[in-house]
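Just passing along the structure, written as C-alpha cells.
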Amino acid sequence: MLEIKGIDSGYGKIKVLKDITLKIEKGEMVALVGPNGAGKTTLLKTIAGMIVPSKGDILLEETSISGMPPHKTSARGIAYVPEGRRVFSAMSVEENLLMGTYLKKNRPHKTESLRMVYDLFPRLEERKKQTAGTLSGGEQQMLAIGRGLMMRPKLVLLDEPSLGLAPLLINSIYKVLERLNGEGMTTLLVEQNVKKALSLCKRAYVIESGEIVMKGPSEDILCDENVKCTYLGI
Amino acid sequence: MQNRSVKPIVILFVCLVVLSFMPFIIDPGSYKYLYNIFFIVNVTVLLATSWNILGGFAGQISFGHAGFVGIGAYTVALLHYHLQWSPWLALPLAGVVTLLAAVIIGSIAFKLRGPYFALSTLALAEVTKLIAEGWRSFTQGTQGVVVSPGPLLSIPSGGALYFVVSLWLAGFGILCALLIKLSKTSYFFLAVGENEDAALSLGINSKKYKLIALYISSFLAGITGGVLSVHTGFIDPSSGFDMVHTVEPIFLTMVGGIGTVLGPVIGTVLLVPVGEVFRSHFPTAHLLLYGIVLVVFARFIPKGIMGLFRKKKI
Amino acid sequence: MNILEIKDLTKAFGGVVAVSDLNLSIREGIIFGVVGPNGAGKTTLINVITGVEKITKGSIFFKGSDIGKLPTFKRSLEGITRTFQIPQCFTGLTVFENILIPLLLRLPKQEAQLEAARIAERMFLKDDLNKQAQMLSVGRLKLLELAKAYATSPRLLLVDEPMGGVSLDMMDSLINLIKSLRDEGITILLVEHVMKVVVALADELVVLNFGKQIALGAPQEVMKRKEVIEAYLGDEYA
Amino acid sequence: SYGAGTFKIGCPAPMTGPGANFGEKFKKAYTMAADEINAKGGVNGTKLELVFEDTQAKPALAVSSAKKLISSDNVIALLGGWSSGVAFAVAPVALDNKTPYLLEHPALDDITRKNNDYVFRLQPTTGMYSAALEDFILKVVYPKEKKKQLTVAYIYVDNAFGQGVAKYGIIPFFKKNKDKFNLVVSESYNENAMDYKPLLLKVKNAAPDIVVLTSYLTDGILLAKQIKEVGLQAKMFTGTGAGHSMQDIYEKSGKATEKYFSSGPWHGEIKDANWKKWRSAWEKKYKYVPGEHEVEGYVAIQVLAEALKGVKSSDVVKQREELKASLKALNMKTIFGTVKFDNFDGYTNQNKAYKMTAVAQWINGKLLQVWPKEAAEREPAY
Amino acid sequence: MITSIIINGILIGLIYALLAIGLTVIFGVMRIINMFHGEAVMLGMYAAFVLFDKFGISPYISVFLTAPIFFVLGSIIYKFLIDPIPAREREITSLIITLGISFIFATSAMYIWSADYRTVTLPFSQDVMVFIKTRIGYPALISSCMSAVMIVGFYLFMSKTYMGRAIRATELDKDTASVMGVNVKWISIATFGIGVVLAAMAGGILSPIFYIYPFVGSNFVIKAFTIVVLGGMGSVTGALVGGIILGVAEALASTFLEYSMKDIMAFILFLGILLFKPSGILGGRTRL
C-alpha cells in the first residue's frame, strides 16, 4: 500500500528525517513510536505531502506521491489526522466534520459518514452547532479524529489520537479503529501510549532522532530490552 | 548600566551632533528645497518611530495615528490662536495634550484586541477629527487655523532652525525607542504582542504595557503634529487628521523593518525623499510611481530592510 | 491549611453548564489531581481560578482572601499560575526568551538570564534553547509550558494535561520533576488523563462529571469506585 | 542659479485626489492663456513658464509646494489652488516670502481680509457670491409670493467655501430681513456624504418656500437627485455658484436641476465680443463649453502677464516687488470684466466685484443669466 | 416622517453592507488589510459606466458581465504579489502592496477616464414608488434590493456550499484544510478574486445612485472597515446587520440631532457596540 524509500525530510535547512524506509501492506495497522522530537510528526506530514522530501521516494499503491501537495494525496485516499487538535476554530462542529467530505467522491456519503461519527462520539452530535474553538480539549480531539474518518480514507495517518482523551474513550476509539481496519482501512498510528499501540498493531517501527532504529512484529519490539526500559518504563 | 546599552546611545548622540553641523556645510539659504525635504524626513522619522513603538514593539497595530497628529497640531494651533502662545513653546504641550487624549482613547480601545483594537483606533481618530470639524467656536471648524511661528528665542525661524529642531526631535524619538529596546520593558512588549493570554497568565500586566506604549507613542505623535503645525503655518481638520498620518508611518516602518529601532528611520530616509521628488516632478503621475515603488519593495523585501540582516535587535 | 477554597462555584456558557455548584478545598503543599471525562469542566475550572473566565456564581479564596474579582495577571503575581492544555507560547520568540520573560518580572536582567538557563536545563529544554517556540514538537511545547509557568515562581501551579503527547521515557522524568516541585512547597493542581501519572502523583483526587464532583479522596480508593469507572475509566480499570 | 530666460509662475493645484477634476480645468485654462501670450513673443520678450505642483487639495501639501515653488523654482508669483482651504494656508507663505499670490477662484472672504498685501483676488468673495441672489429674491421673489413671511431652508457644504458663503452671505442676509424671511432649516453637511435623504426629509417636513444650496459638484448632483426622490418641493431652488454653475450638474443629475437658479461669479462678460471669440476658441481646443473656472483661470494669466509688463529688474526678489506694485496699479478690462485691486471694507487687494455676480437659471440644459436685469440673457422662469 | 427615515436608513444600510462585503472576505476572512478596496469599488463603477455609456447595458446586468474580469484581476494580484510573501510577513506586508496598488489604480483611472465626474443616469432614474408613505427612487430601490440579494446569496455560498466552507477553513488553518483535500493555493487565489469581484460589483450597483471619479474610492473605505468589524470579522450576516444598524442610526441621528452629527454618532455607536460585545455583533471568540 505505502512504501517509503530512503527519504530525507525536514523544515527548510533543518534536517529532521534521515534515510527513512518503511512499508505498509494493504489492510495493515502499523505503529510508529519514538521519543518527543524524534520526527514522527514530520514523517506523517511528509507522507501527507505537507513537506516535500529532499531525497527518496514515497509510493502509494505503486505510484509515486512524493512531492504531491496534500490536496492531491488526500484525493488518493490518504487522511492525516494532525496532532494538537487542529480544528477549524471559528466554524461549527458540523461544518468541521463536513470539511471531511470535501472531496467530491465523499460528498454522496455525507449523511452516513456523519452518522458514523456521531455514533462514535455522541458528544459531537450534542454540540454540532457549537463553535469548534470553544470545545474542550478532548472534544476537539474527537472532532479532529471524526473529521479524518469522514474522509473514508484508504490510508489513515493518526498522530497521537488518544492525546487528551479520557481512558474510557481511548478504548472505544481503538475499537473503532480495529473495526475500520477490518473493513479495509490501512492505518499508520503514532502513539505515546506504546503499550496500547503495540497491542493494537501487529507491526511497529521505532524512530529516534530522525532514524528508524528498530522495526518488526509488535511482540518482538515489546520484548526488546531497550524498548522496555525507555518506552514502557519497566 | 552596562557598556552594551550605552554604546548605541552614544552613537545616536554623535550622529545628531554631526548632522547638526550640516547647515554650516550646505547652506540652507540656497538649498531651501533640500532642507524642506530634510525637515519632512526628520518629522516623519519621529512619526514612524512613534508608530513603531506601539505597533512594532508592543504589537498593537494602530490605525489612529492621524488622530494623535491632529490633536498635537491643533494644540499648537489653538494655543497660538486663542492665547497667542508661541508655537515653539506650545510644542511640548502638544505632546502632553495628545498623551492626555490617549488616556481616554486607550481606556476605550484597549478593551479590544487585534483587528478590533486597530479599527477602534481608526474610529476614535475619526471622532477627534469630527470634533475638530464640528466645534467651530473653538477650532474654527473646517476653515482651519493659521499659525505664524515667529522667531524662536530671537533666532528667526527658517531652514537651519527648522532643520536642527526637527533633527533633535527625531533624535529624541529614536532615543525613546532605543531606551525601550534596551530595557526589560521591551520583552514585556514583545510578550504582549505575541500572545496576550500567555502574557497575562504569567503575571504580565498587559494593559499596563500596552498603555505605556500608547502613551509614549501618542506623546511623540503629538509632537510631530505640533511641528507640522509650525511648519505648515496652517492647520485644518482635513490636513491635521489626514489618513496619510496613519498610513505613512505604517508602511515606512514596515519597509524599514517593523519592531526594530532603525527600521522606521531607514524606511523614511529611503522613501520620503523619493515621494517628494516624484510629487514635484510628476505632478499627475507621482502616485502611480510611488505605488509601483511600494509594491516592488514589499514584494521583494517582505521582511523589511532590517530583515535582511541577521542581527536585527536594534 | 487550605491554599485554595472554592465555594459553590458555577460557570455556565449560555446553556452549557461547565462547572456546577462545585466545592473544593486544596491543602497547601499537595498535588491535587482533577480527572473526569472530556468536557467535564476541568479546563474551565482552571480558567475560572486564574481569572481567564468570569465566575457565573460562587467564590474562590486563595490563602484565605477572595480573589474572585482579581484580573489574571494579579492572580499570577499572587502566586497562581497555570499551563495551557493547548500550549500558548510566544511563538515568534526563542525558548530561552519564553522562559526569560516571566523571570524578568522579578529579577534583574542578568540574574534572570542565568535563572532561565537553569530552568531550561531542569525542564529538559537545554538543547532547544535557541529554537523558535513555533519549531518545537508537541511534546516539547508541553515542557516549555511548564517551564514558563514555573518561572513565575508560583505558590499554586495549575497544570492542564502536562503529559499529553509526552513520550514515556520523558514521562517518568516529568513525574519526578513535578514531585520535586511539590517538595519545594508548590501546591499543584493537576489535570491529567494519563492515569499512570495521576496515580503516581496525586495526593488527593477529585473526579468531575458534567461540572459536578462525583468522587473525592485518595487516588487508589477513588479509582475503584463504580461511578468513576462507569463515567471515566472504563472496564479496563474495574 | 536659474536662467532668467522666463517668468516662472508657480501653480500649486490639485492634480490628483478628489479635486483633480478642477486641477485639470485650471491647467487647461492657464496653459491656453500662456501659450497665446508666448506665441506673441511673451511679455516684453520674456516668455511665461508655468510650474505645476500637485497639492491634492490638501493645505499642508500646498504649503509645502508653495515653499518649494518660491524657494527652489524661484517663481515670480503664485496662482490659485482651487480651494479656499488651500489658499487660506498658502497666503501666509506668500506673505512670508514676499511673493505675489493671485487668487482666481478661492472665494473665502477671510483670505483677503487679513491685511496680506501680497495676496490679490480677481474674483468675488463668498460673501459677494450671493449679492445678486439677494437682490433677486428681494426684488422679484418676495413681491411675487404675496406672503408676509417666506420660509427658507439653507443647506451648505461644511468646508471653507461653504462656511464662507454661509457666514458672509446667505445667513446674514436672511437674518437681516427677518420680517420677510424665516430661516427654518440651516444645516451643513460633510462633502463626502452618500445619503442626504434624512436631511432632505427634514427640510421637506419644514415645507420651505425657498431652498438655498451651497454645494460643490458631486454633492450638488446627489442633492438634486435625492431632492427629486424624496419629493421635496419649493417655489424656488437656488445654488450659490460652484457646483451649481457647472454644466455637469445638470447632465449628471439627470436634469434634476431644471429651473434651479444659481448665484455666483458670472461666466464672463457674455455680451462682449472678445468673450464670444474666446469661448469658441476654447471649444475648438478642448471640445467642451467653458464655465466659471475656465474663465477665471484664463483671465488670471492675462492679468499676471499685463502686470509683468512693469517688471524690469532681473533679480527675482526685486521682480516680485515690482510685480506686486504693478498688480496694485492694474486696471484692466478682461473677458471676466474689469480687474482692479482695491482696499475697502476690510478687504485688501480685492477686485471690487459686486457687479461680477449674477443669478443664472437652468432651463433646458442651459445656464443663462437672468439677473441683474442689465446682464440678463433672458427672463427668469419664476 | 419617522417611518420614511427608517426605511431610507435600511436601504442605505444595505448599500453600506454591500460595500463592506468584499472586505469581509479579504479582511475579515483572509486577514489581509486591503487598502485598495475602495479602488476596486471605483473600478467597478467605471466598468458599469463604460458599458452603460458605450453599449447601453444597465449596470444591474453589467456587474455580472464584468465579474469574471475582476475575478481575474484579483487572482493575478494575489498570485503574483501576495501569495509569494512568506506567511508570517503576509498580514503586514500585504498592507503595503495593496496600498501601492490603490495608488496605481487611482492614477491609472485618472489617465484612462480623466478626472471628470461621471454618473450613470438610467432611463427610470427619476421614477419613484411610494411604500408606506415613503417615496423611494427606483435606482435606490433596485440597488438596495440587489445588495440584499447578493448578500444573502453570498451568505448561503459561504455557509452552505463546500467551496464556501473551504474558503473559511483555508483561512483558519491552511495546512489542515489542505489535508482535507482543499487546494489551498487555488482557494486563496479564488477568495481574493471573489473579494475583488464583490467590491467591484458593489461599485457597479452603486453607480446609478452615486457619482464616479478616479479618487472616489476613499469615500467608502472607512465605512466598509467599520462595518466589517462591527459585524464581527468575517461574518457575512454580521456585515448585513452592521450595515443596516449603521444606516438607520445615521438616519436617526441626522434627523433628531443635526445632519453633521451623523458621522460622529456612527462612530460612537461603533465603539459602543464593540465595548459591549468586543468580537462584533455576530462574532465569536475562541477559548483557550
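As written, the chains take the letters A, B, C, D and E, and residue 1 is the first residue of each chain.
Definition applied: a contact is a pair of C-beta atoms (placed from the backbone, for glycine too) under 8 Å apart; a residue touches a chain by one contact, two chains touch by 3 or more.
Source: prediction; values computed, not measured.
J.: Please identify each chain that touches chain D as well as chain E.
T.: Neighbours common to chain D and chain E are B.
J.: Once you count every C-beta pair in contact for both, which comes out on top, A-C or B-C?
T.: Answer to which pair has more contacts is A-C.
J.: Compute per-chain Cα centres, compare each with the mean of all protein Cα atoms, and return the closest chain.
T.: E
J.: Nearest whole angstrom, what separates the Cα centre of chain A from the Cα centre of chain B?
T.: 51
J.: How many angstrom lie between the centres of chain C and chain E, each centre taken as the mean Cα position?
T.: Measuring from centre to centre gives 46 Å for this pair.
J.: Measure off the straight-line distance from the CA centroid of chain A to the CA centroid of chain E, and report it in whole Å.
T.: Chain A and chain E have C-alpha centres separated by 41 Å.
J.: Do you know which chain B residues sit against two or more other chains?
T.: 133, 197, 284, 287
J.: Listing for chain D: what residues touch at least two other chains?
T.: If we look for residues of chain D contacting two or more partner chains, we find 16, 20, 158, 190.
J.: Residues of chain A that contact two or more other chains, please.
T.: Counting only residues that touch two or more other chains, chain A contributes 134.
J.: Going by the contact rule set out above, which residues of chain B touch chain C in the complex?
T.: 184, 187-188, 190-191, 194-195, 197-206
J.: Residue numbers of chain E touching chain B in their complex, please.
T.: 27, 31, 35, 81, 84-86, 89-90, 92-97, 99-104, 106-108, 110-111, 218, 222, 225-226, 228-229, 233, 260-261, 263-264, 267-268, 270-271, 274-275, 278-280, 288
J.: Quick one: which bits of chain B touch chain D in the complex? Just the residue numbers, please.
T.: 30, 32-33, 36, 40, 133, 136, 141-144, 146, 148, 228, 231-236, 238-239, 242, 279-280, 283-284, 286-287
J.: What residues of chain B sit close enough to touch chain E in their complex?
T.: Listed in rising order, the residues of chain B that touch chain E are 108, 111-113, 115-116, 119-120, 122-124, 126-127, 130-131, 133-134, 197, 243, 247, 250-251, 254-255, 258, 284-285, 287-288, 290-295, 297-299, 302-303, 307.
J.: Can you list the chain A residues touching chain E in their complex?
T.: Its residues touching chain E are 48-50, 69-71, 74-75, 79-80, 82, 86-91, 95, 98-100, 102-103, 107, 131, 133-134, 147, 151.
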